[in-house]
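What follows are several structures.
Note that chain A is present in both complexes that follow, paired respectively with chain B and with chain C.
For the complex of A and B:
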């Protein structure tokens, strides 16, 4: 029951606001009077729009979180990083091979990696960013793809990288290469597409389209359900 | 960090679990389902809806939140807004940068059309990015588009438009193949066979997925491809009004740059509305799974231009929205959790509904369990919920299944010190999907010449209730159809003068009904300032 809510102080780009204890940074900023244009997307931890960095007094450590998923702490000094310039290569996936050479051709700056782990430390999804970049540098497309899969492309890693690499774009290329050129094609899918193009199901669908509600209901109720 | 009381409640769930693992709750008969929906579904609550008094659907009942928007005036003054300077002139204007809009843009460009994609926030900020569970397609041996057709029809209450369902199920395998060829990392077996599971209301395991980031995987792939192909994208530039010419054809749109507060005039031979859903209208006062920009803009603009709407009285509530912790209230807990075997359990530790009934039925059952039967669990802030017994998944499928198949869910709860592999999670229905929308035909055309709609903003394909996995399918199928067809049509379109005549006529109709007030629409973004939502 929320009668007298406990309040805490947060500092939005240096300016102090009193906000209710226990709310997320996003909701605290709105409570304080902000109406987001940048820095707010899905509000559910999936889109990477609300990457936020913060520090607390007496602690030099830089912390990070998604504003929509991170609860405010008393004394939090925060700012959002809604955008960071990022090098994105242009490519035609069809023409590429899933190799180290492909990654290097599009993102040659990959080789400047210092192994400093700043990217891993800043990732709000707690991904092993440096490790997937290491896999990429070995040409292990599959590993880079799988390890980076939960990446939201929020851009915080790129903002911290002293070698000016955009890790999430390298990872995206690795994933697309994997999906297109490494993972085996689904044979059953290709067969079904051909069957449909040949009109195998047209007659049956047309019959169903003409049925009235009662007929459809009977068929529907009689469906056998795959266990 | 569950409270001590909640941990006590969880103990009861754990006690009944061994028995429940062998238990299967009976499915509802059609009569039981009908009674359940009529008594407990939020759509059927008295005073939830009223008839709209102007426009093509005059007299039709819909939720107040929709009617309020449809009976509002434009943000533009049709008598004074200058249309002499045209900022962009294209074959195809796509309004909305989610899965449907991006698919449309790709296909339109492939067909040789000049394309402009305008979106409210960033390219990819859409409900597509958050879709978790999967995308349906009948591509397995034991399945066929005809069986998929039946599932869709039954799920929709048999009100679905047959041509739209036929298009959906016949295009489905091709759309999956298209995504596969673009490099989408669908979860597969080592030989390449797609890993597919059940969703609510399906009779075959045809839900394709990419862990539980299916929508994100599709969205970032499509977005990357659009960028590679150099498709012009205007971010932070929502449309606020369509343009028509003196013959009543759609002729483009007026965009509003949210950051510079400037208007832009786009002349376009065809327009594709792909503006998505309406969750941020908080229909019925419910929290929502939707993204920040889901404010039904496309419905308002199309309605003023003369497009008919359908099935807006049927709102989809997702049965399992987060009920605790409060910080992430209303966020989605994917149906896949139930698809993998987790049961819904009340305060007495008992099941009360078959977990994979259609969403309207499960939502109503949860509401009944809490409101009428008093068997919900109450959170510290006074909200109600029921348990979703997630630990059952690892027991059924082996340790590590939850971590592997539901990484987004695990991460979401771990941020708040809840381990869903060890403890059940608390859920309650949340506003999720707009079942209806702007009526289209199988070519994604509306009744307004040159105006197309694809995705959640459209209506007819899902009838009164969408099945899980058919929304991600809808956006690809009809996004592609809209893009291809709009590009073809653009070749023969002859546009007249750009006007806002349709807005003037709409204002006149509002005035005649005594409804011309100060409230404007579209609202573009919800306003949460000064409060905690």
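For the complex of A and C:
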């Protein structure tokens, strides 16, 4: 049957389904009858809600991908891990100092890292998770913040860690500390806010508010576009 | 000469003085240390069980990453040096360890990297005679106790660093700086190490013995290459629980080297010591 050739077999939590060739894991699961009320967010590869682990026949390696971004393959065994229980510290960022002591006070388990690299191997964003944790362990907040910048907080690193570290929450704290206490303040922003408050742009806004749609559109089309 | 360098985590935090003085002093002698681009904790403690391979994975990865740069890998912390050297020894001499670690890391590392300690570089690359010519006389007559602790020299067969009972490389180094090494019987005694966390009394009694012996033999300062020895012996006195008066400054050997080379004292990390060595060293 011609239609059958366009189908592949996948195994969702061990049960076989025939799904259309070329669709994402998320679409395939919906095709198979699943309805997502959690474990599905932006559908655009950014929110990290749909972390999925899978294996392919004849390959011992555990593979990962976001369900909304990863295309199904014949014989794939998969399960989605949309959430993983994680130790999450609460704190008042204003009161913290950007030091190793701060990281250790909130996440003392981070020193249990053995350097196995399981976190890096599973990261669907291909981040160097073990290396940013190594930077965090030696108090290099800036390096930990920069190296973890593209983290989606999908939680797969924490699911694999034999030391039960929650890498993505440590990294989140590092980025917050960096942003609040290490990175230079954006002085130009403060100046612009003052200018706005002082009414520098009021006349311009007034003028725009009074324009009709066609005028506005003409202005919009003729705007300066950054290269 | 450029050499790859593994600082170790503590040298980024409590033992910054060891890191800064090592880099600055070796640079002044024409040796530039190039930090590995990415590195993790070495594991800190070499596994007591021979087949506890997970405890060797991090060190094996570090050694392998250095193999791609150059034959040698410099590390100055006694813990890091100890772990890297022993893991390398296992990989070289234990086929099972070599196979297991390479299987896991998916590498073909056979122990090619040679972990080296700056004392070895000073002895073999710079040369103690050349060092003697470079060192200024400002520390002349200073009496220095050279404290090796356990990790640099033992187990002798694996560390192959110096005589495990009576090592002398640090005394040779000190003599080259123009200071006067004093000989005292506790130079390879254990300071109590990480027992400081759960058996403070052990560290306190070990520390008092070591400091008292050094002082009894006339030492004015004590030098070491171990961040934990430095901390234990210095902190004990900072708490007012040493028995030696005046208190004995506990320095990294690289801080003494930097001082002898007349490098700016601000770059040598003296400000974080509990017993301030500056009045004695800088006058």
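Everything that follows uses one rule, which is that the second predicted complex is superposed on the first by the 185 of 227 C-alpha atoms of A that agree within 3 Å, B and C clash if a C-alpha of one lies under 4 Å from a C-alpha of the other, contacts with A are read in each partner's own complex, and residues count from 1 in each chain.
Note that in this section contacts are C-beta pairs under 8 Å (C-beta built on N, C-alpha and C of every residue); 3 or more make two chains touch, one makes a residue touch a chain.
All values reported here derive from a predicted model rather than from experimental measurement.
Visitor: Can A:71 be said to touch chain B (first), chain C (second), both, or neither?
Guide: In the superposition, A:71 touches chain B alone.
Visitor: With the two structures laid over each other on chain A, which partner does A:149 touch: chain B (first), chain C (second), both, or neither?
Guide: The first partner, chain B, only.
Visitor: Per the contact definition in the header, classify A:24: touching chain B only (first), chain C only (second), both, or neither.
Guide: Once the two structures are laid over each other on A, A:24 reaches chain B alone.
Visitor: Would you sort A:41 into first (chain B), second (chain C), both or neither based on which partner it touches?
Guide: Once the two structures are laid over each other on A, A:41 reaches chain B alone.
Visitor: So in the superposed three-chain picture, is A:179 touching just chain B, just chain C, both, or none of them (first/second/both/neither)?
Guide: In the superposition, A:179 touches chain B alone.
Visitor: More residues of chain A in touch with chain C or with chain B?
Guide: B
Visitor: Regarding the shared-chain residue A:85, is it in contact with chain B (first), chain C (second), both, or neither?
Guide: Once the two structures are laid over each other on A, A:85 reaches no partner at all.
Visitor: What is the contact status of A:108 with respect to chain B (first) and chain C (second): first, second, both, or neither?
Guide: neither
Visitor: With the two complexes superposed on chain A, say which partner A:117 touches: chain B (first), chain C (second), both, or neither.
Guide: second
Visitor: In the superposed view, which residues of chain A touch chain B and also chain C?
Guide: No residue sits in both footprints.
Visitor: Residues of chain C touching chain A in their complex?
Guide: Interface residues on the chain C side: 9-10, 12-13, 38-41, 43, 54-55, 57-58, 61.
Visitor: If we count contacts the way the header does, which residues on chain A are in touch with chain B in the complex?
Guide: 1-2, 20, 22-24, 27, 30-31, 33-38, 40-47, 49, 69-71, 88, 90-93, 125-126, 145, 149-150, 152-153, 172, 175-181, 183-190, 192-193, 196, 201, 204-206, 208-210, 213, 216-217, 219-221, 223-226
Visitor: So in the complex, the part of chain B that touches chain A is made up of which residues?
Guide: For this pair, the touching residues of chain B are 30, 121-122, 124-125, 129-130, 137-142, 144-147, 149-151, 153-154, 158, 162-163, 165-166, 169-170, 173-174, 176-177, 180-186, 188, 190-194, 198, 203-205, 210-211, 213, 215-217, 220-221, 224-225, 227-228, 230, 236, 258-259, 289, 291-292, 326-328, 331-332, 380-382, 407-408, 411-412, 415-416, 525, 527-533.
Visitor: Spell out the part of chain A that touches chain C in their complex, as residue ranges.
Guide: Touch residues, chain A against chain C: 100, 113-117, 128, 130-131, 133-134, 137-140, 162.
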